[in-house]
Amino acid sequence: MKARSYRLEDLAHLVQGESFGRSDFFLTGLASLERANPNQISFVNGDKYLEAAQNSQAGALIIPVELKDQLTQHQNLIVVHNPYLAFAQLTHVFEKKVETVGIESTAQIHPSAIISESAYIGHYVVIGENCIVGDHTVILANSTLSDFVEVGKDCFIDSNVTLSGETKIKDRVRIHANTVLGGEGFGFAPYQGKWHRIAQLGSVQIGNDVRIGSNCSVDRGALDDTILEDGVIIDNLVQIAHNVHIGANTAIAAKTGIAGSTTIGKNCIIGGACGIAGHLSIPDNVTLTGMSMVTKSIFEAGTYSSGTGLFENSQWKRTIVRFRQLADVPLTQILKRLDHMQTQIESLESTFKLRK
Amino acid sequence: MKARSYRLEDLAHLVQGESFGRSDFFLTGLASLERANPNQISFVNGDKYLEAAQNSQAGALIIPVELKDQLTQHQNLIVVHNPYLAFAQLTHVFEKKVETVGIESTAQIHPSAIISESAYIGHYVVIGENCIVGDHTVILANSTLSDFVEVGKDCFIDSNVTLSGETKIKDRVRIHANTVLGGEGFGFAPYQGKWHRIAQLGSVQIGNDVRIGSNCSVDRGALDDTILEDGVIIDNLVQIAHNVHIGANTAIAAKTGIAGSTTIGKNCIIGGACGIAGHLSIPDNVTLTGMSMVTKSIFEAGTYSSGTGLFENSQWKRTIVRFRQLADVPLTQILKRLDHMQTQIESLESTFKLRK
Amino acid sequence: MKARSYRLEDLAHLVQGESFGRSDFFLTGLASLERANPNQISFVNGDKYLEAAQNSQAGALIIPVELKDQLTQHQNLIVVHNPYLAFAQLTHVFEKKVETVGIESTAQIHPSAIISESAYIGHYVVIGENCIVGDHTVILANSTLSDFVEVGKDCFIDSNVTLSGETKIKDRVRIHANTVLGGEGFGFAPYQGKWHRIAQLGSVQIGNDVRIGSNCSVDRGALDDTILEDGVIIDNLVQIAHNVHIGANTAIAAKTGIAGSTTIGKNCIIGGACGIAGHLSIPDNVTLTGMSMVTKSIFEAGTYSSGTGLFENSQWKRTIVRFRQLADVPLTQILKRLDHMQTQIESLESTFKLRK
């Protein structure tokens, strides 16, 4: 796999920027300011990176217009409004993509499944009855699609993924390695001291442009479906229980868990390792900071948090001793008693003075 | 796969209920009140669903006896004591099950392994030396059983599961996709600044009717075994460390972790994302609410909790500032000082009055 | 697979201890004091296990020198300085290892890949372009290595593992089942209400003697690499985000998550289920107790903690009511007011006495 190279001017064109310096300068890669070599391009995301930019060996820099006159050490520049966005766009230029097309001879495809001729199906992939795989979709080795799973166009399914529960996936969706969609929801009816399994009959619906990280679990619904709307992005090791509904463009960081039947709005940002209880509702535009604990519905957009923060251990222990006393300390009553006593003292003082 | 249909009377019989209306009415599926169509049956789990039930398009309803006279919009009814249990039972009627039997030609089975003729072994399943797979057990594609693993009767092992460490699984057990049983426990002896690995020689014992979700890890014991007793149910992304022992019918929600050598009693309910430290003991009938942090053994049945709950972010920040002061604020002493000062003031006041 | 047996004297020699009793006594296994039979050896890790040792059926015991005269019930002994370390060493003697060599006929190896003749490649393993697998390395069934992945000597890669992102692994590394190294980092540029994916171009570097548990995710870097230095040990279900750097010999317990670009020093011990935010720095020799929440860099070695601990549920509810009042209770001011009022009262009292 040879590294491709691109002209500075062409890269500028791709990110809708203006190039300065040698427009025919060739670039073979994208790198951080610290690690870039003279054949690579880097980006400067604001003036706090100015010194690193000056010292960088990068052959060219993507910069915001306001830094143009300050970067005296560099001649080859691409000036853009949003260097971070331009960087995001250029990563796609330098990414190594799976470009093979067709079905590996070792893949097991049920005769009733419909696989696009432009799709790639890797070794040992197993695809069940009535599955559909769309154009230009890539499914890597050792993944398994059980019956009635549908995957749209331009999707990327990494290795060792399990798609089951008749999951339906739209276009441009990325599912990373060892993730499970459509697993059975955790539903049991307690009766006479035992748990009676509720077979899960719902499915999973994944919208367009959804991204799910590695080792995630998204369970199928009990009767209705678990739904991730368009543009939802999810990090690794995230649990989405049965019948959860996540609104468009909501982002969920790693290790978060969302319990059954909870509805989350659009454009939310859920930090890492949050725990959201079941049957709750969270509106649009909510941000939860990392490790938030949500046990009640939220009714207003805004930022919410939980937890104690970090303490040096002996200080933490002393703090927790006091925290354990809180239940028996009437905090607001203390303030009232202080005010009352203050009044009594002042009354005594003034009476006293009058008598002098 | 055609949808099967069932007569109302037959479904009533299955759930030990009484049918009303057209006993020969045919039903093709089970659905929620909101989504059911006139060929489907739904259930009403108490009077808080009465309005939804009245408005439902469902062709028949499973109801508790006390709602019978109130559901004037519906004629086809099954009256039962416990509609949720009846619903659980009917899900099994409408579930699509793997009904294939035999070993796919691509499965790799060691000659010493004993596979029941009524079992199903999917594509690319690898089964090692001396393994045993019981009657009617299903093992789906791309799962791996290393040497000396035993799986009982009527079990369901989903895709991409890894069973190793000589794990022994009894009957009617369900292991969901991408879960690992019998992985090596996290055991290291620290010596001269390095970690010296302790090879794990124990195994995993899984009782009857155990259910383990997707992406779980249950490690083999160091010398003795990790044990899950009969009827234990576990959600997704749960960590069970080496030598943990979990009592019968205990339920564990997603994202919980239990550290090594901890013993948990029977009939416990462990909420999501709990963390339970190692070498502890938890008795029968303990409930932990979600995100509980257990660092000491528990000695009495009951419900236990941790965490701060959720705050609007700026309020949380102010609260944490105060929380950080707690270590230096002698809460109980404040109350004593207040009482003491109150006595002093009253004494001053009464003396003062006497002198008037 | 027959159990091998070893002479007491030979085992003593292996752990650099001194044997007492019948030096030619044969031992067939290692077991806990409670479960050992007369053909097995057990170990006594300090005097708190003295009674269990006296009652043990073990045929031989590994003991520290100070217990030698107290174990009157046992004659076959190995005396060592550190019985736990000796136990760790002996586990390797009794461990069943994969001793097969070669490539299973079903493995798919790209012609450009270089696989050592002494390596073992299991069934349905898929190895991509330009991969390298070193001497005596074992890769178990259904694992997948995408292009340009390199694995060193004497490594163990369990089943259903996904190695991608051009991950480079050094020697004596153990990666447990269903873990993903080199998955795409969670990088998106927000622009006009949507998330624009940043293709991840960095890789993962794994040092010598690293151990990673099952169901872990270690993402490839955005531009630079994610790095785990020599001797790092990681438990199950751990998330390591892109561009994290973990120093040598740091141990990380199960269910911990470390967000992007955070640097952790050497010899740290990170408890279970910790959450460490992104772009932070943690120095060498830091211990975090379980469930710690780290949102700021740490500047000094030491032990740190978070969380409220566990409460009986009704007590917890009352505590949280007070905790919610804290923001409006000026704790340090209360103490000042108390001191001030005390002074006022004492002044009143003394003036009052003077006047008497």
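To keep things simple, chains are lettered A, B and C as they appear, and every chain counts its residues starting from 1.
Quick note on the criterion: a contact is a pair of C-beta atoms (placed from the backbone, for glycine too) under 8 Å apart; a residue touches a chain by one contact, two chains touch by 3 or more.
Small disclaimer: the values here were computed from a predicted structure and weren't measured.
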Touch graph across the chains, line, ring, star, complete or other?
complete
Rotation angle for the CA superposition of subunit B on subunit C, to the nearest 5°?
120
In whole angstrom, the CA-centroid distance of subunit A from subunit C equals 25
Please set out, as single numbers or ranges, the residues of subunit B touching at least two other chains.
124, 142, 160, 178, 215, 237, 255, 273, 289, 307-309, 311, 323, 326, 329, 334, 338, 341, 345, 348, 352
In their shared complex, subunit A is touched by residues of subunit C numbered 108, 124, 126, 129-130, 142-144, 146-148, 160-162, 164, 178-180, 183-184, 186-189, 191, 193-201, 215-217, 219, 222-224, 237, 239, 241, 255, 257, 259, 273, 275, 277, 287-289, 292-296, 298, 302-309, 311, 315, 318-319, 322-323, 325-326, 328-329, 334, 337-338, 341, 344-345, 348, 351-352
Would you tell me which residues of subunit C are touching subunit B in their complex?
1, 29-32, 34-35, 82, 84-85, 87-89, 91-92, 94-96, 104, 106, 122-124, 140-142, 158-160, 174, 176-178, 209, 211, 213-215, 231, 233, 235-237, 249, 251, 253-255, 267, 272-273, 289-291, 307-313, 316-317, 320, 323-324, 326-327, 329, 331-332, 334-335, 338, 341-342, 345, 348-349, 352
